[in-house]
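The structures considered in this document are given below.
Both of the next two complexes hold chain A, though its partner changes from chain B to chain C.
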Partner chain A sequence: MDALSAFFTVFANPELLALVAVGTFAGVYIGAIPGLSVTMAVSILISFTFSWDVYPAIALMIGIFMGGVYGGSRTAILLNIPGAPSAIATAMDGYPMAQRGEAGEAIGITTVMSFFGGFIGIAVLALAAPTVSDFALGFQPRDYMLLAVLGILLVGSLSGESLVKGIFSGALGILIGLVGMDPLTFTGRFTYDLPLLQSGISFIAVMIGMFGVSEALAQIHHLDTPAIKQKINRIVPSFGTIRKHLPLSLQTSTIGVIIGALPGTGGDIAALMAYDHAKRVTRKPERPFGKGAIEGLVAPETANNAAVGGAFIPMMTLGIPGDAVTAIMIGALFIHGLNPGPMLMIDQPDMFWFIVGALVVANFFMLIFGLTGIKLFTKIVEMPRAVLIPLIMLLSIVGAYAVNNSITDVYWMLAFGVLGYFMRLYGYPLGPIILGVILSRLLDDNWRRAIISEREDLGRFFWGIVTSPLSLTLFIAVILIFVSQTPLWTRIKARHAARKEKATDQ
Partner chain B sequence: MTPDNHDIEALQDEVDDLHEHPRDTRRPGEAAFTLLLVAFSLFLVWSAFGISGFEALSAPGTVPMATTLIMVITGGIIAWRTVRLPQSVGEAFGRDILPPLLIVMALLLLGYALLLRPLGFLPTSALFLILAIKLLWRQGWMRTLLVSLGALVLIYFVFRIVFTVLMPAGIVPEGEMLQWVRNLIPGGN
Partner chain C sequence: MKHVILGAVSALALSSAATFAQDYPTKEIQGIIQWGAGGSTDTVMRAVTPHAEEVLGGTIVMQNVTGGVGAIALNQVEAGQADGYTLLMGAENPLLYKVMGLGQKDYSDFTPVDILARGTPVLVARADAPFDDYAGMLAYIAENPGEVRFGSTGPGGLPSVVTAMINAVEGEQDVISVPYDGDGPALTALQGGAIDVMPAVLGAAIEGIRAGAMKPLLVFETEAVDALPDVPVATAANEGYNKYLPWGPFFGIFVKKGTPDDVVEKLSAAYTEAAEQPDFTELMDNRGFTLLNLTGEEAQSFLEDWQSTTAWLMQDAGQTKASPEEFGIAKPAE
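This part shows the complex of A and B:
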């Protein structure tokens, strides 16, 4: 009963309803404008909303998250520039459709399918999260530690150029999170007796620097990329088209939820996997894939929106973020004094049901804003980058300053902005850094708890891992990720590919 | 890499090798950057050792030592791979990595941070936006002023009034200004 009333909080409160609407609207545009990203928007917003009550703040950020995942598809279709990584697969068939003058239809299908996928994701979240959190109560400290390592490794291995660079980024993130006084023994770590370092580095300054300023600096290279104008026709797709693709969208939504729920993998991977799946199961597409096949739009768009609900599962039940955006959402919950994990679900189930309710509302608003306001949209997307870049920079500084009213945070933010700029340019992924910063405390605490409970004995620690099915599974997953990077794996894969080629030759 | 010249097989490859995009050349400055990261990591290992040494597995220095050691190892591998790559042709450090425009923008940001406290939010932001937009947009002064000041008013309204973010007032009598605006609205006190 309580769950139900918490679920309907957003529906019944006009202020919260308006905030979700504003957030979703803003999210659609932020996701669509190349150069603005959801990670950037949410990390800057955390600092602006931290003095708010927790419900309004979360309502706004959920709107932005939901709208942003969808918004990327718009520019992918119209300009062939995916506004967000999760829309890369959408551009493959969306842009060819726009070239044929079917931009409106493509946007319509994308919107309806995103809505559909979004719902499946939320439904799975509502059904699965309580069970997962019950299960998670039995987790040992070592399991949390392994999960944190796994999450950082997965993000590191799936983004950027190589796993090695991903691991480096993840370790750097953990290190940034460790700076300051150790909460257990009050020993200074990497403080060099400087008061500046003793209170640690504000993770918001790191986030805004990495995703705000560094992105804005990188955009200076693309000042002269021209915007392309597109004429847009009918938008609302016919019922027949939707019904025809319903079975496929169910399958790809399922892929989306599962991929989204794995720690470390988010909408971008889900979309690519779903696209690949659609290509394999669609026997006779009306048009070949890559030339404007509707299936090629349905699959990634259902999957990346379904992944939103999926990504909330590990975030809410374990406190382990699925990707950079959920890492930042966890940061937002931290700021509001909430501690995501199985205890949150038991102590404050209202919070969970409120978030589920807000996601549902955001999904509806996404459908409404997706099918309307195209004229305004084309105007906003044409906003010159030369104006956008200084504005992002200004907002980044204000955001970094606002949390603690501290100019030191601004300098940290700028330093991380410059570092992030070079890391971006040289192919180091930034997602693992943020995951590392967010998870470093959890990793450190749980390692120490685990090893103390094993009386400082590494042998007993490993025996514990081997004898617990859960720990063993997690441990094997960590090992597998490493093995996938060694020459051994490449050799196995090459042999597999050769066999496949032989099979197709015959 | 635009999806335009991507055919299906390229996508297939992308799905297969999501984590394997080794470049075959090295960008200008990349080797120096990588070596700098390794040197920094080595310094950090030494600092991490200084926290508690090998006192106990649960000591405050254990995770820092493990983390920094991982940084040294992975940094070393990255450096080894990077240094052996041939330098990319047709790219220049002063043009493709750190063009003068970028340095100027970074300096403007630093200037903003330095002036924010003494000068206050409104004048500093106005100065920053006008200079930055003029520099990047290369349009006439009228347009530049109009756009930057318009944007500033909008940002000020949203963040100062709606989000109630407190920024340093500096030389601007902000409190009096806001009070004056409130007095204009009947019952706005």
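This part shows the complex of A and C:
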């Protein structure tokens, strides 16, 4: 009974309701601007809400979190600039849709699917948090490493026409991610004794440059092409569309919850893995992936919003953050006199149900704010290029600067923008670079941890993999996915198909 | 050119105005936090500063400048004006920069405003570890050389210092040291069974201990702590620890050396009062930190003692890149 009343705290209190609404609304816009991140907004809010009660403070933060994760898709679809790393996969099919004049439809599907994914995440949090957190805690360094390898194999999905160019891009991304002071040994890697390189290359700066600036430069080629008129009659997707994608969105939401619940991985990796999963399981997309497939929108958007609920699972059950934002929220709980940890659920069950309630409310507000104001947003794409290109450049510069208040990041961003432009021109896909940067630390750190733990003995390392069901499953998945991308597999498949045909002929 | 000169003149006027402490602060103060959002330094600074703002009657805008084990933030503040408008909000790490080869500057280039609090190191083991106390752990390590996994956070971090202490007092222990990104991720790995033992700061481990998710083995203090009254203290387990304890990571606020004395005094007074506020002392208690609230001479000698103990301990453990002697860091008195 107490749980129920705690759950409905937000619904019954107009002040809290308003705070979640304000938070969600602000979150959508913070998320949409590349460089302004939810992490940043929530950490500023800690000082801002210092003198408040704990409920209003958390309500506002949850609103921003939910809205922000969704908001990243806006600029990804409209301008091909992901507002947040978790929206990178969204750009791959969202932007082609906008170029066909279907931006309204793309945003509509994204919103409804984000809502759906968010809801699954919250449901798992509410019903199965302890089970999921036990599972997540069981991940050993070697499992994180295998997960990263699995992620690296996504290069195949993100490469477009040339796998070789994709692998090159991915390797470049991993290299970029390695630059800087190695946190495990405090040794500089590729720093050439320059203090500038010690803290590494800002991943956000790379992302904004690669997607934002290179897009602006590429647009210059089409200065005289008139802007695409957007059809905005179909915003809310039909029930049929939703039902058709229900099985896929359930699968990708599950990916989102689990990846979100793992301490050390978040919505960005979840979205990319979900995109890859969609590509694998969708037999006949209406349009090919990368050209505006609806499945390419459904998968990452359900996954990254499901990861929000997932990230709260280890936070609420163990006091361990599931991602950067929940790490800050744990700090906020401390400041407000609570002690997040394994005892929180037992000592303060109200807090748990209050957070679940606030997440539900935020999810509804996200749906409302997402579906309104689309007309205004699509006008952005209809602007003449002479206005649009400087606008993208401005957004990119502001965004890159805002990450660390560092002008160096702006230079990095511009340099990667120019590099990205030439890479595009010569047909090198940009997705794998970002994938490489995201995964390089996960792969590198956990490989070293795993092998150090086994006294640097490969035999013991593989014995560990074979004897743990989780590691073995991941290892087999890595092998299967790898084999399925080699020419050998396609040959076997072709022969198999031919034999089948023969059989039906007779 | 005219603008530049004008700007320079007005900047000069501003900075000379700032030397009159009765006017200070006449503009926003910047607080540069050495560590990322959500970490313990961040939490402590964001909790204490609003109270200091009230006393000071000004605003302090806080910003996280991360990277290079905090060196990026330290160098940024050091490169600025010594006018009290940029505060460095940091932890103990800079005192080891020189010997670890991480930078040429440390807190000797700064004046301490307030050393707020000190943490207590505690040795914890995973709940199902095959030993229940400190003596049992040593015996197990002796019987199973090279099998027990200790978590660490890289050279110079708390676990490396505590492990060096154990090695110095008990003799070299044959364990595997697995590096993590911080004590949070390492304690997560401990609960998942990836490592067996972790030297951590009490505040980070206390909730896990209360829930029975990890076993406390030893508290690195000379007297029992309120949070864990039944856990033996290091000096009782082996008198050799008296040489190093009390020792612990700390949080402090600093300004660049050369900042006018009256400005430092005003800041110190503000933070001293802020750190006495009940909700801040409660936060420190809950997280297992000992409130120090040291200013002026006391703060200075605290820093010197800490640096001399730790730098020489790391030197004797062979973990340094340069001898403390090169930087004039005195050897601790025996």
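Quick note on the criterion: the second predicted complex is superposed on the first by the 269 of 506 C-alpha atoms of A that agree within 3 Å, B and C clash if a C-alpha of one lies under 4 Å from a C-alpha of the other, contacts with A are read in each partner's own complex, and residues count from 1 in each chain.
Just so we're on the same page, a contact is a pair of C-beta atoms (placed from the backbone, for glycine too) under 8 Å apart; a residue touches a chain by one contact, two chains touch by 3 or more.
Keep in mind the model is a prediction, meaning the values are calculated, not measured.
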Should A:Ser199 be classified as contacting the first partner (chain B), the second (chain C), both, or neither? second
Touched partner set for A:Asn339, first chain B, second chain C, both or neither: second
Of the partners chain B and chain C, which touch A:Ile452 in the superposed model: first, second, both, neither? both
Touch count on chain A, higher of chain B and chain C: B
Per the contact definition in the header, classify A:Arg424: touching chain B only (first), chain C only (second), both, or neither. neither
Just to be sure I read the superposition right, which of the two partners does A:Arg287 touch: chain B = first, chain C = second, or both, or neither? neither
Pick one for A:Arg189: touches chain B only (first), chain C only (second), both, or neither. first
If we overlay the two complexes on their shared chain A, which of chain B and chain C does A:Ser51 touch? Say first, second, both or neither. both
One more residue to check, A:Val398. First (chain B), second (chain C), both or neither? first
With the two complexes superposed on chain A, say which partner A:Lys244 touches: chain B (first), chain C (second), both, or neither. neither
Do chain B and chain C touch any of the same residues on chain A, and if so, which? 51, 184-185, 405, 448, 452
Chain C-facing residues of chain A, complex: 39-40, 42-43, 46-47, 50-51, 137-141, 180-181, 183-186, 195, 198-200, 263-264, 314, 318-321, 324, 327-331, 334-335, 337, 339-344, 404-405, 445, 448-449, 452-453, 455
Chain A contacts chain B in the complex at 48-49, 51, 76, 80-82, 88-89, 91-92, 95, 157-158, 160-168, 171-172, 174-175, 178, 182, 184-185, 187-190, 192, 213, 217, 220-221, 223, 269, 272-273, 275-276, 279, 288-290, 384-387, 389-391, 393-395, 397-398, 401-402, 405, 407, 410-411, 414, 417-418, 422, 425-427, 440, 443-444, 447-448, 451-452, 456, 458, 484-485
What part of chain C is in contact with chain A in the complex they form? 37-39, 42-43, 46-47, 49-50, 62-69, 71-72, 75, 100, 102, 146, 149, 154-156, 176-181, 184-185, 187-189, 191-195, 206-208, 210-211, 213, 279, 282-283, 286-287
With touch defined as at the start, can you tell me which chain B residues reach chain A in the complex? 2-4, 6-8, 11-12, 14-15, 18-23, 27, 30, 33-34, 37, 44, 47-48, 51-52, 56-64, 67-68, 70-71, 74-75, 77-78, 81, 96-97, 99, 101-102, 105-106, 109-110, 112-113, 116-117, 121, 125, 128-129, 132-133, 136-138, 147-148, 151, 155, 159, 163-167
